[in-house]
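Each chain carries a letter (A, B, C and D) given by its place in the written order, and its residues are counted from 1.
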Amino acid sequence: MILVMTTIKVFEKIKLKDAILVEGLPGVGNIGRVAVGYLVEELKAKKFAELYSEWFFPFVMLQDNYQVKLLKNEFYYCKAKGKGQRDMVFLVGDCQSLTPQGHYDVVEKILDFAETIGVKEILTIGGLATGEAEAKNKVIGAVTDKKLMDRYKEYKIDFKAGEKVGYIVGAAGLLLGLWKERDKDGLCLLGQTAGFPIVTDPKAAEEVLDIVTKILKLKLDMKKLEKKVKEMEDFIKKVEALQKRALMDISKAPAGQNPPSGGEELRYIG
Amino acid sequence: MILVMTTIKVFEKIKLKDAILVEGLPGVGNIGRVAVGYLVEELKAKKFAELYSEWFFPFVMLQDNYQVKLLKNEFYYCKAKGKGQRDMVFLVGDCQSLTPQGHYDVVEKILDFAETIGVKEILTIGGLATGEAEAKNKVIGAVTDKKLMDRYKEYKIDFKAGEKVGYIVGAAGLLLGLWKERDKDGLCLLGQTAGFPIVTDPKAAEEVLDIVTKILKLKLDMKKLEKKVKEMEDFIKKVEALQKRALMDISKAPAGQNPPSGGEELRYIG
Amino acid sequence: MILVMTTIKVFEKIKLKDAILVEGLPGVGNIGRVAVGYLVEELKAKKFAELYSEWFFPFVMLQDNYQVKLLKNEFYYCKAKGKGQRDMVFLVGDCQSLTPQGHYDVVEKILDFAETIGVKEILTIGGLATGEAEAKNKVIGAVTDKKLMDRYKEYKIDFKAGEKVGYIVGAAGLLLGLWKERDKDGLCLLGQTAGFPIVTDPKAAEEVLDIVTKILKLKLDMKKLEKKVKEMEDFIKKVEALQKRALMDISKAPAGQNPPSGGEELRYIG
Amino acid sequence: MILVMTTIKVFEKIKLKDAILVEGLPGVGNIGRVAVGYLVEELKAKKFAELYSEWFFPFVMLQDNYQVKLLKNEFYYCKAKGKGQRDMVFLVGDCQSLTPQGHYDVVEKILDFAETIGVKEILTIGGLATGEAEAKNKVIGAVTDKKLMDRYKEYKIDFKAGEKVGYIVGAAGLLLGLWKERDKDGLCLLGQTAGFPIVTDPKAAEEVLDIVTKILKLKLDMKKLEKKVKEMEDFIKKVEALQKRALMDISKAPAGQNPPSGGEELRYIG
């Protein structure tokens, strides 16, 4: 018997050239999730693989009110079209791993898969909760190697992340840390968000998206972002509920018997 | 050395035709447990397999006051008899997994086993704690696919679960989510219960049972349900104690040294 | 690479005939630990194997003040000598598993080993914390099968354990539960102790020991028990500190940085 | 698929003779980390291997403010030069394992590796938080075997550790406990530190270092220690933040959504 903790289901076998993977999983301010979700929509990127894992919450989401759906991460791709563009892979999803150990396992599986499809560079997007009321729109960056800082120096990224933060937590950090161990290149962009971490911040997402589109040589109409965020509202609410739920420490209660949460969207069930 | 976290012991090798598996493990209001337990009794369904797991509580229950018994899930079957009936498998048990990761492992093992014995469809039963005093007797449903909604539309199920809940937790949800990944069909029915999750609600179980019997084309005398629930009282008390215990977070205390719980039925031992 | 979570080191290969294994690991009132420790000393039983596990605390104990020692469980044996006696194996140790899953793993390893050396029956000893001031000296029992109740009915054991407790936690329970799955026989004896679980209760241990010696057809001088408990005082203090520590939830703090505990014997280090 | 939880990357294949491994991972007062870090710097020891693990925090640190770096343990070596010296291996790093089980796994991997490169003896360094204001400069010791106590009796080590502490927690203890199971020798030195465990105590580190240099027959200028500790300040702050973070129980929050910590250096991100 083989232990398979994390499964990647591939719908379409693809082989990309010098591709860049852009990660936007739920996290602080859902900045990555919103930014990369917008890219996927605007570019009409195509879903080609899904990942699910024993390390995720033991839940199913309800889609369109009636349909059960495992918590998943999803891979989309979009081939280079315009001048200076590269093949692109987008990684979005419902959640990150529930346990520290799971983060390592899921991230290693993602990197194994990324290598097989031709990903050469990784760009992760996250948020930095400043805890201060006044917004700071400077995007903060960190890299796997000094040469990356030179490569991206033209984009007004503040490469003094270490002065403000000690660590980059979860997928946004580990994808780069473990990618670097494979002698590969990567960049992390962090939008600064004032509020509480689990409140989605489309403004901070726009700041990051502005730089990401320049890096990817994309011409996107940013004006639709706010509208798109509204359309994503139902999904965002569920992700926020999932994050709140996580803070309540699901691991303490058996499935199906979690104490009531008060909030409508969190009324448990099972 | 092979790691076997979850074991299924098969007493009788069976092969069913187009069978439906009906799950009723302990959960909110113990609705599934009571409803499916009643079906097993009334149909005189035959036990053919048992499952135990490292992911369960490290406890043994005391049966008939003197006999130790591992915590288990149990499989019963009942061949199609009446008109329009299908072969049926019933899954009941003492508990669900203690950890998030364990849920995935146990559910995958159940689905592997279900496939080998000819199960084609899964019906899971759970509860939705509304947190409101007034009872709501509408049964809520969710499905693996839209076509299932059409299949079961005649049964007065409210297929707008997503308006009331964000997720279906534990086995009731994961059995369907992971079953859907195998391109299989399934339905989840959730009884609405007003009270605190770990208080058994036979009224809500009856609401669900009313629909389940119609789906399965069974003719059952519902009047005996209340009497049966009384007969199951000892077992129900133990399951409720187990659930309370889980909420106290067993994982924090070493076995045999758990702090006293106050309640008689929870006086620890070991 | 093979995952070995639990290791049994065998010093002497033995093959016993129709042996009974008597378990006394730390637990409520340390009743089993004291009772079986006394048997080992009085019978001059011989240590022939040790078990250690990744599921134990990530600590070493300090023996004779200066010597590090992994937390272990230990196996001793004593061949049948007197009339009606059986070959005996004694299982004592410093601790039980730290996590629920670990309990199952450690217990399965013990049972695998027990089968290879000729153990046919298991007798586990634990404590029941009544939470009441007045001592109750009736020893409570539970069995794997009704026939065991008949076998041991002459020993004034109260076989109505289920009226007082819902579950038997940890090794005392799981050893029997998983042993029963192998179609083997076993008995659990629980001394009733009034006080807080992590206070050693030699009086309750004596009550249990009185029955155990009769079952094993041993003639032991009980008067030395109190003296022996005093001699074991240093060890007992360490086990109690270990148990208190467990209640503080070691899993929350990284090793070497646990918050101070106040008690002298618990001043952390590392 | 093989589960690799802990990875050791070897940069230079070395074979040492009768080497001693000196461990100084973060812990109480960071005494080991500071002392061994100073040895590595002063001896210009050469890094030859790195270890990272799924059992570590799911974080990356930020080096020089802009560069991501996995949390790691690092191996350095320095061949015997002076009279009476031995080949030396130094083990330092960013963190210890996050979970009890992880400690065993990481330590076993370290010991496997140590054996392959010729390590014969292990010297671990830790701290003992006395919880008292007045400093105690006596260094406390524990050994794998009595003969080690004789070997090191000339160095004014107080071998009555057991009178003051019950256990040695984490790597400092487990490295010796599991090394002893391989019939190998080892010594643990514990500096006494008055303050709260996660405040680095260079004074206590100096007390330990004084003995360690004598054991290793090294002539080091201790006066530079205070200066070096200042130079290490940035790293020390990060390790302290990591330790504080651990005490907040990272396992309760999903990555990227950890609640704000107040302290500047802990502002989360992800």
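Brief remarks follow.
Just so it is clear, a residue touches a chain if its C-beta (ideal position, glycine included) is under 8 Å from a C-beta of that chain, and two chains touch if they have at least 3 such contacts.
Remember, it's a predicted structure, so these values are computed and weren't measured experimentally.
When the CA atoms of chain B are superposed on chain C, the rotation angle comes to 90 degrees, reported as a multiple of 5. Interface of chain C with chain D: the two copies contact each other largely through different residue positions, with under half of all numbers used appearing on both sides. Chain A and chain D have centres, each the mean of its CA atoms, that are 35 Å apart. Annotation: 49 Å between the Cα-based centres of chain A and chain C. Within chain A, the positions touching two or more other chains are listed as 3, 98-99, 251.
Every pair of chains that touch is listed here: A-B, A-D, B-C, C-D.
Within the complex formed with chain C, the residues of chain D that make contact are 2-4, 25-28, 95-101, 103-105, 126-131, 141-146, 149, 159-174, 176-178, 180-181, 186, 188, 190, 197-198, 243, 246-247, 249, 251. If you check the complex, the residues on chain A that touch chain B are 1, 3, 5, 9, 52-70, 98-99, 102, 237-238, 241-242, 245, 250-260, 262, 264-270.
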